[in-house]
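One chain, chain A, links the two complexes that follow: it is found with chain B in the first and with chain C in the second.
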Partner chain A sequence: MSENAAGKRGARARAARYRSRERAKDFLCVAPALAFFLAFVYYPVVELFRIGFTNWNLIKDKYDYVGFKNWKWLFQGSGCEKLLASLRITFTYTFWEILITLAGGILLAALFNRESRAFSAMRSVLFMPRYIAISTSAIVFMWILNDQYGILNYVLKLFGAAPLAWLNSEKTALASVLVLTGWRVVGYGMMIYLSAMKGISPEYYEAAKIDGAGPFQRFRYITLPLLSPTTLFLFVTTFIASMKVFQSVDVMTGGGPYQSTNVTVFWIYELAFVDFRVDRAAVVSCLFFVILLASTAATMRISSKNVHYES
Partner chain B sequence: MSEANQGANARARRARAVGALLQYAAAAAVTLVAVFPIYWMIISSLKSSEELLRPVPTLWPAAFNWRNYPDALKMAPFGRYFLNTIVMTGGILSLQLLAGCFAAYGFAKGSFRGRDSLFVLVLGALMIPIQITFVPIYCMVAKLHWINTFAGLIVPQAVSAYMIFMLRQSFKAVDDSFLEAARLEGMGRVGIIFKILAPMCKPTLMTVGIISFIDHWNAYFWPKMVTTTPLRRTIAQGVYELKRSYAGLETMNQNQIMAGAVMAVLPIIILFALLQKYLLSGFSKAASK
Partner chain C sequence: MSSIRQAVAALALAALAAAGAGAQDAKKYEVKAPVKIQWWHALEAQYAPLVDKVVADFEKANPNIDVEAVYQGAYKDLNEKLIAAQAAGTTLPGLTVANTPLVAEYGASGLCEVLDPYIKATGFDVKDFGPGLTASTSYGGKQVSLPFLISTQIMFYNKDMADAEKIKLPETWAQMDEFMKKASKKAADGSAQRYATVIPGWDQWYFEPFYLNAGVSLVNKDMETTDLGGAKAVAVARKLKQWCDEKSAYWAYGKDASSVMRQNFIDGKTFSVIHTTSLYNMYADTCKFKVGMHYLPGDAKRDSEVGGSVLLIPAKNSQEVKNAAWKLLTYLTSKEVNMYWARGTGYMPTRESVTKTAEGQAFLKEKPAFKAVFDNIGHIYPRIQHPAYSAFAKIWMQEMAKVIIEGGDMEAAMKKAAVLLDEALQD
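Coming up: the complex of A and B.
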């Protein structure tokens, strides 16, 4: 009897040991990934704040802690003006990229919403630019936008318009970068909208037709509202992606002319690897991170109130 | 009455045909504009320098100057760039898939304490791009003497939070009875992940794998930070480097630069043509979340 109880207890203990071993093995499955995120995502964020309080210059080995000196430079010193300028350029760029993705995407989705081989092939052509390296397509667009020999200025002249300096003028440089961006993103917006439009039940359209709604009314009062979750998705993902713009600026303008395309990430890069002021780069990165998080949270909150979910 | 009806029908049919025609014409016009940069890249890569700089551009080269291709290859080590890109992308992709499958299993089917709160660390990593943290990561990598090495190119990208997120979603959808049956047959975790879950989630694996492959093949930001010499540069930087190698004479050598661009984008265009259905399904999945 007592022997039996001891055996049972032993069995239970063995089972418990087995279970905890299994749990440990399950944890081991996620451990490498977690260790990676701690080392290459979270630790660098902590480092960023720490470096911001030093006077670290990349070409020197030693550095000291200098308190809020870099933060003062950013908010009160010569950094402030550059910060505001770079944020203004970044937000302007982001505004246009979002507008092109959403408005261009939905217009093209309405135009390309037809089932046939030809349309499917044309959709692929519009979708493909997104998968070509930005740096390479930037080089192609620089040739198209060349102010002397570029085909775009030739076309402008054909139509009697004055040729533009494109990348060589501070007035048009950001717009030139956006020409490339538009080419890259508009097909993506279209594809996302098209796949969402497939999910709208045709009954809505039939009911509206019976009520005498024309194609534009149907688009305005059925398609658009039912696509609002897709619009929110596109808005937030495009916002996050376009705030990080770097490649096209680095290749096409190098932040110029006269800093007219000096977006924030490019500025951070120049602070760290051209001026070697890692300390200043760190405080700008910190602030930019906070701005990115706060504005993402704000857009999600504002737009979630205006989104219609199909029940 | 019936005649009038027929007339109305015919008119409606005609209106629909005109509408369809207009739609075709407008869509074709948009497509032509979209494809033009690719066309112009290829055409320019085949022109002679003299033809390239004519005041009236030609839409078709007078003579095909294939020499631009070997000439471009002489200016920049494209073979090296391609090799580097293949090794880097292959390394990143295999590590990401390996770590991703294990982590997705742990977060979807594992039973350790704090599983869901630890998953927040993965979601948080989605919100912190390397464009924010590259300065400290660069300093770490420099301290490890990884500048201009494959380790420097690969390791900081070796785990993808996005991939873990997508695979976890997909693994979760697999019914536990499959796993229990496999366990009864004495299958361990590794077997369950790679013989049961991975084959059942093949579409998701394909999609996230292809997206990650293209992303890293085209990656520019981090490879630029971590390479300072042509030794480990990748193809996304290659065309830019080619252009810079003409220092001041870019315009008259645009044909060779465009030849370099054609060589750089050709693999991706072929890949896109073959695999775009996976990209599309990935997007409709992501957009419906």
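Coming up: the complex of A and C.
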């Protein structure tokens, strides 16, 4: 009996040792990636929070801890108005980018879901802008939209319309940046939707046809619900990417005119490198990080109830 | 007699001791072993042959020092990289250029090596730069950088047009109204056919002299307030708006405003533009007409400000690197090399031993338009040095552009701006 019990204990101990060896192996496998993330992602985030409590300007070697001074500036001081303005601009931009990506992408996908060389070539043309550097395309768009020498105003004049200061008016500057964005993202949305459409079993459509469903009904009641995981993926990735918009704004408008395109990341950049207030840039970054995290979590939570998986 | 002899002997001894100490100090800054240093600059590809030649000549004269010249983009990009390197403390260049308005912030933050001991020990003639440029490159009474590619504000004008239409360029602010009328042309519907001038609103440096010459104190002595909300400043701002409203001038604003302004001048759509002297070569080479330079009109005084770039040594470098960088710095700012830059670019000769001598006259023969600058070289003053001036300038530019382009009451706008500007300075 005791031998038996001892044997069981020994087997359990061996199993435990085996499990811990396996866990150690697993850990060793992920350790390099984890170390990379700790050093280059999590440590900078922690540092950012710490810098927010100092008066460091990046250049000085010495700095003091100033408590919540920078946070007070952000919530109670002159920073508050600027924060709200930049968040309003950023959310507006994000709303439109998501709309263009999702609505434009799905419409184009429905339109280009054909198998022929011509359609394949057209799909490539639509997708290509995604792989042109933003700075390069932004410069080209600046010249297209230039109020004095741009081709857009030239065409408008041909039709008798008044030229507009596309990038130099606060009414049109953000929309002009969104034109570039739309040109870049709509093809990407189309490709993602197209690959998802190809994964939908044709049996659903055949069954619906037999039941007398027309093309619109098939799209509304089969395609759209089965594309919802793709829509969620596109929504979340586009949301995060567009909230962090910087390059197109930096090249095309520099946050202007009159801060009408001063998106949050551009504002953070200016605080750090133009105003030399990296302490303030740090608190804005921290808050923005929390906003992004909370918004993404909320989106995932709300969307998960409305996402339909084919299986 | 013996007391006189004793005094002379003591003086001689003191002089010898001082000379000995000087020589010893100079030794401290010598490059004793081979060293490699980086020089960060913002000279675009068109200047690469100039940079390569200067570096090759230097290396030939200083075989111990290997220089790697690195183009780091525009001043803005270079500033970002320099700040990042300073924060990291590991990838700093031995020597770097910096845009003139950054001297104050860099100096205040201790980024730059204080050059006074080097100057003293090696007998470098810093006075030859003149008081304006020396002050521009100092901070808190210490020499933290040296003038490199220096420019100032200027009015470029179409000389052929001026001669043909007998347009008199304004010497004073009071003459500006007449000039605006004479040099601009309007269509029957009141739209502009040709502007008299273009005022760059994308950088306050270009319109700052109008305020300074009118006696406006941009940053008061307390360093915390501005007079930009005062009557003098409002009067200047109203005039600028009036000329833009009348379509005699336009306010160039936005990211592409500089290139559009240049194109308008090249195309003859404006009689003149206010820009930096550093672009003289570009205008002279591109325009199909003769390009003249006219010093900006004055009011209570007629001054302009220093622009361009300075050279500095990051203080965090090792002494060995700093010594090599000092050698390179003295070479790059020497009279010969300075003239080489001035000829190859549109930047100005910086040394009085050039501007006030026959060499200067020879330079004027090559570039006669620079007479406008040489005649006023004593009136080129340092930029305003305040660590918060970048933030200040951003607010000012934005408020000016908004009222001039979008419309509104200038006095109310300037008063509102003054509150924001005071806040920025006090911050």
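The criterion applied here is as follows: the second predicted complex is superposed on the first by the 273 of 311 C-alpha atoms of A that agree within 3 Å, B and C clash if a C-alpha of one lies under 4 Å from a C-alpha of the other, contacts with A are read in each partner's own complex, and residues count from 1 in each chain.
Throughout what follows, a residue touches a chain if its C-beta (ideal position, glycine included) is under 8 Å from a C-beta of that chain, and two chains touch if they have at least 3 such contacts.
Keep in mind that what you see is a predicted model, and the values were worked out from it rather than measured.
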Simultaneous placement of chain C and chain B on chain A, clash or fit: clash
First, second, both or neither for A:Y18, with chain B first and chain C second: neither
First, second, both or neither for A:F75, with chain B first and chain C second: neither
First (chain B), second (chain C), both or neither touched by A:Y221: neither
Greater chain A contact set [chain C / chain B]: B
First (chain B), second (chain C), both or neither touched by A:S195: first
Touching partner for A:V251 - first (chain B), second (chain C), both, neither: both
Partner chain(s) touched by A:W183 [first = chain B, second = chain C, both, neither]: first
Touching partner for A:P32 - first (chain B), second (chain C), both, neither: first
First, second, both or neither for A:F273, with chain B first and chain C second: both
Contacts of A:Q148 with chain B and chain C, given as first, second, both or neither: both
Chain C-contacting residues of chain A that also contact chain B: 143, 146, 148-149, 251, 273
Touching residues (chain side chain A, partner chain B) in the complex: 22-30, 32-34, 36-38, 40-45, 47-48, 51, 108, 111-112, 114, 118-119, 122, 124-129, 131-141, 143-144, 146, 148-149, 151, 154, 183, 187-188, 191-192, 195-196, 199, 230, 233-234, 240, 244, 246-247, 250-251, 265, 268-269, 272-273, 278, 281-282, 285, 288-289, 292-293, 296
Residue ranges of chain B touching chain A (in the complex, touch as defined): 20, 23-24, 26-28, 30-31, 34-35, 37-38, 40-41, 44, 52-53, 56-57, 99-100, 102-103, 105-107, 109-113, 115, 118, 121-122, 124-125, 127-129, 131-140, 155-156, 158-159, 161, 164, 189, 214, 217-218, 220-221, 224-225, 235-237, 239-240, 243, 251, 254, 257-258, 261, 264-265, 268-269, 271-273, 276, 279-280, 283-284, 286-289
Interface residues, chain C side, partner chain A - complex: 76, 79-80, 83-84, 86-87, 105-106, 109-111, 253-257, 260, 263-264, 387-388, 390-391, 394, 398, 401-402, 405-406, 423
Chain C-facing residues of chain A, complex: 57-61, 78, 142-143, 146, 148-149, 167-170, 251-254, 256-259, 270, 273-276
